[in-house]
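Same chain, two partners: subunit A is paired with subunit B first, then with subunit C.
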Partner chain A sequence: MSTIRVPTTSSRWLTLKRRRQIAGVIFALPAIALVVCFIGVPVGQDVYYSFTQWDGQTATWIGLSTWSQAIHNPNLWTALRNNGLLLLSVPFALGLPLCIAVLLHQRVAGWRIFRTIYFLPTAISWVVLGLVAERFFAYQGTLNSIIHALGFSHFSTNMLGYQSEALVALGITFIFTMVGTNTMLFLTGLATLDPTLEEAARIDGAGPWRIFRSITLPHLSRFIQLAFVMTVIALFSALFSLIFVLTGGGPGYATTTVEYLIYETGFNQGDFGTAALYGLILFVITGIVGVVQLRLIGSNE
Partner chain B sequence: MADITFEGVTKIFADNIRAVDDLSLHVADGEFMVLVGPSGCGKTTALRMLAGLEDITSGSLSIGGTVVNNVLPKDRDVAMVFQNYALYPHMTVAQNMGFALKIRGYSKSEIAKKVSEAAAILHLSEYLERRPRALSGGQRQRVAMGRAIVRSPQAFLMDEPLSNLDAQLRVEMRLEIARIQRLLGVATVYVTHDQIEAMTMGDRVAVMRGGKLQQCDTPQDLYDHPHNEFVAGFMGSPPMNLLRARLDATNGPSIEFGTQRVAIPTSYSSSHTLPSGDGPGVIFGIRPEDVQVVEAGDHAGTLTTKVERREALGAEILVHLSLVNAAGTSTLVVDDDGAVVTRPTTMVAKMGPRSGVAVGDHLRVRFNPDRFHFFDAAGGDSLRKS
Partner chain C sequence: MTKIATTLERSDSTSNSLGPVKKPKRVGRWILFAVMMVVAVIMLYPFWVMIVTSLKSEAQFLAGSGFSWLSWSRLTSVIPIGQEVLSSTIVCSASIFVIVLVGLPAGFAFSKLRFRMSTVIFLLIVSAMMVPLQAILMTEFVNITRLHLTGGYLGAILVYASLGTPFSVFLFTTYFRGVPDELVEAGIVDGLGYFGALWRLVVPIAVPAIATVTVLQFIQIWDDLLVGLFFIQNTSQRPITVGLAVLAAGRTTSIPELMAGSIISALPAMVVYLGFQRYLVKGLTMGIDR
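What follows is the complex of A and B.
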């Protein structure tokens, strides 16, 4: 025999719905605390320091003058323009892996080996990749050796040495570093594609190109969106090691991105206040990219 | 519209697996042909070869008199309904159904017209703008059918289209598919492992096992005159009772089950090639509905049995009987592909729902003398003269 407890006054107030709400808040608290500590507080500090002149030890409030100085600093605009130009590499950083993934998915001969080869760079530090790229693009590097060997010596280049070409070399290196991750992402997407859909389309009369366009691509759209977000964010906030090793931001400011400019301004020039402002600008840009992207994904379905 | 001919079609997969072995089969224009058999019997492979999704190792396959061995699926003009429906998830019902027409360059108004016609036949008109995920299983099944019928193809190919539906819906769609097929009169090859679907839907049924065609006949012929032990055991629910027995000629032709015997009517010696001489074994087959319980009185030609189990199905009771005093009771041994190798001397009888039979009772049963089946004890082939 079991007895049913008569609800007391306090448990009458604690309805099941309220209990669930309280439990929800309690479970969310640690996460909220972490977000506030490690994101909220630093962002707040960053905003504060952007109004100061700060050498790393003493911060002097100078109000908006950091802002007006920064806006009139041509290096910031160069860095922003470089970031904008580097965005042109994104279609390649997505398109190339898409082609590779579709080919590998056809189980071409030796696809396992190719898969490993394409994914391997992902497991290597970007510092190492940067060094390899530096050796590749250098005046006496691999690229020119190949050009010489093919007999086109008068086309030999010095991409890292010219302001006009260094950014292209950086873009190519960036594409190369993203190929592995994005290929894997697309291969995963393709693996979740029901093969009978393709068979149904073949019977419906679709050729390979039509199947790719009407079946494969729509299925991959979510994966492509994810890859796009990851690639763009990486472009804005993960290029530092590549630039540092490859060009050091030069020649001049030709390969300096906003991210690299933060380091340059803060640690080389000791102007942490301005660096904090650049950090804020970068934060806003990536934030906008993220929000726009979330909107796009949300509006899709 | 066209007929379909398999001529000695063989499919050997890598690892030398012979999925379909020398299949010869003709499906007439407008005919509903069911391929049935246990899993791994090659029926789906045969269908996929017809669709062009698998290439043919040897033999020739023709649709409408044209050999299609090397014709791409898109040029065969056949429509297929898949087991999982394979609906394009990002397209609406209307887009799913119109996809093939769009590829073939039909105008938008033509596509809309054909799609709405097909939707009307399938009672899908109000769902045309929905995505597949917003449909129930039965509706998805209809869309898959719709995708096939809008094209007015040469042939319909269906790969277990009802196996993902619940029992009630399956019965409903069984009738629906048969109705649509009769309405359109398009040659149809329908693959299933469910012998009830095969019996109820097919104009003719082809039974396959281990890649080989066992028998192709109308459902009734298949049921009444199975060519071999496998077909006899596969078609019908519960299946035919197959009993290992000895023929005894000393006191007139009779079948001997241990110490009991049943006389064989004389007509069987002319219609069947029964082993001559004394004592050779045969497999004796009798359908559950042909095992009749004798209430009292005349005991001539009856067997004494004991009730081992009873299964009440509401409309009838299935009674599992064992022969009393039967020597050498063997156990049921089943082959890899589901074929029964040896059977115990037990059998199933169908009885009326009000018969107060209980486990342990002794019953006297008689076999319907017009419905005896004899199969070769070694090869399992029917001993009936063709």
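What follows is the complex of A and C.
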């Protein structure tokens, strides 16, 4: 940048620099304004309203009462537990795409068509995928048809109807919705892998598993980290449409996650203050995960 | 110069790896192929369900056999599908327009026209990417309502635009960092001025980045439920995802008709997806694979 501008005189250089800065501020201002007004300010308001009793119209300052009420509210702990249990699906949401990406990378006949097919569900709305998942898990759905076709005609499941199983159904649907994106990430990672490395290892007598462990996996580590962070963030903040269509948070609170509890508390119970507080909790959780991601991006630069 | 050399080298090795990596043995390849077919069947399952179910009447669906076009012919009377697609299109295109309009100059500023504190401000904007809408849902909802913007599309457009802007700023900034300073410098010195340089030089250079932002945001916004559900209060202006979700949650609409609606909702996103796959991949791996 500075090496180019050597010949100009110092006074001209100053005005040019000043004008450049002013132009920069003008160009950046709309973006800054938009983000401050519609993201920054609401976060600040979240903090304020979390200390109030608020119905969306009038807010009364009640200090830490909202907080102590929230902490003693079993629904919050149920929602946090549900989020925690859903974390168990993350290894599958990463492991399956990793296997699929490695398979695609072998480039058997028609691999491009397979790749397109595998990514296709990524394009559709989670509302639609939720509708389809409902058809799959429903009592008269595909899952029971498969079970009956396998000969277990006396055995039927109704996963969405039972508290203990509905969350499993949600987790399975979540894994399915993440497969496309994560496979895409891993495949991109594999494409940047130098094939001569694998070749050299093979000549040295390394088996496929050894090559995968010692060359492929370390090479993919950054992509796996990124996929991990994206998957966890999605798990905390993108399940709304899936839950809305699939279970409505139920039965009871069995599939209510923190993000769904915010909607439930605010819009169904009209308790905006507590909902704002839950929002703050969600903000902190995703913030922690987000810091990890920023560090990942930053370490590359 | 060295930078260009390494870039060339890297792209070279990438294109190499696109060739056959190895030739596994015959039997192994067939097993591989079979496994991939199984995965393909699973991934195509949603489409199969949508298509087959939509081709039944409600009675046929409950009976589990038979085919008819009834759901499709009744579709517009059950779901105001035309209006909903139009709403989705309006909200989507207006939001993307704002996201690019605001993000491109900002990205240019943060990469080429650095000012005091610009790095800090840039990092703050990028960190706003991590704020999920649910976290600020209540306050945002009350703010937009107080501004009387929930009646039409404007509230939803503003919310989508502000949620998409951090990513677009990040993407444009990263993109422009890869453009040599001299190119822009020359234009400014040549008397184009800053706005002229932006419009005549920077925008044409940025076409691939604009495409990436557009494709990613299109799929994101077209498929979204939350914003449309809360920030468009007028039921006759509902986007298609909201229409489907509300009918589905009501559990009174016949499922074949919902599936027909789902197909209509899925088609545009799939077309964009198939047509612009490489931009999607580029956007997803932004910041890690450069």
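Worth a mention:
Everything below uses one rule, namely that the second predicted complex is superposed on the first by the 251 of 301 C-alpha atoms of A that agree within 3 Å, B and C clash if a C-alpha of one lies under 4 Å from a C-alpha of the other, contacts with A are read in each partner's own complex, and residues count from 1 in each chain.
Operating definition for what follows: a contact is a pair of C-beta atoms (placed from the backbone, for glycine too) under 8 Å apart; a residue touches a chain by one contact, two chains touch by 3 or more.
All values derive from a computational prediction rather than experimental measurement.
When the two structures are aligned on the shared chain, A:131 is found in touch with subunit C, with no touch to subunit B.
In the superposed model, A:210 makes contact with subunit B only, not with subunit C. Once the two complexes are overlaid on the shared chain, A:219 sits against subunit B while remaining clear of subunit C. Legend: residue contacts after superposition of the two complexes on their common chain; A:248 is shown touching subunit C, with no touch to subunit B.
In the superposed model, A:201 lies in contact with subunit B only, and not with subunit C. Note on subunit A: of its two partners subunit C and subunit B, the one contacting more of its residues is C.
Note: residues 194, 196, 202 of subunit A belong to the subunit B contact set and to the subunit C contact set alike, using the contact criterion stated above.
Residue ranges on subunit B touching subunit A, taken from their complex, read 51-53, 72-74, 76, 78-80, 82, 84, 86, 88-90, 99-100, 103-104, 147, 151.
The residues of subunit A lying in touch with subunit B in their complex are 194, 196-197, 199-207, 210, 214-215, 218-219, 221.
Subunit C contributes residues 10, 13-14, 16-22, 24, 29, 32-33, 35-36, 39-40, 42-47, 49-50, 53, 64, 98, 101-103, 105-106, 108-110, 112-116, 118, 121, 124-143, 145, 158-159, 161-163, 165-166, 169, 181-182, 185, 188, 194, 198, 219, 222-226, 230, 241, 244-245, 248-249, 255, 258-259, 262, 265-266, 269-270, 272-274, 277, 280-281, 284-285, 287-290 to its touches with subunit A in the complex. The touching residues of subunit A, counted against subunit C in their complex, run 1, 4-5, 19-28, 30-32, 34-35, 37-43, 45-46, 49, 56, 100, 103-109, 111, 114, 116-132, 134-136, 140, 142, 176, 179-181, 184-185, 188-196, 198, 202, 222-223, 226, 233, 236-238, 240-241, 244-245, 248, 258-259, 262-263, 266-267, 272, 275-276, 279-280, 282-283, 286-287, 289-291, 293-294, 296-297, 300.
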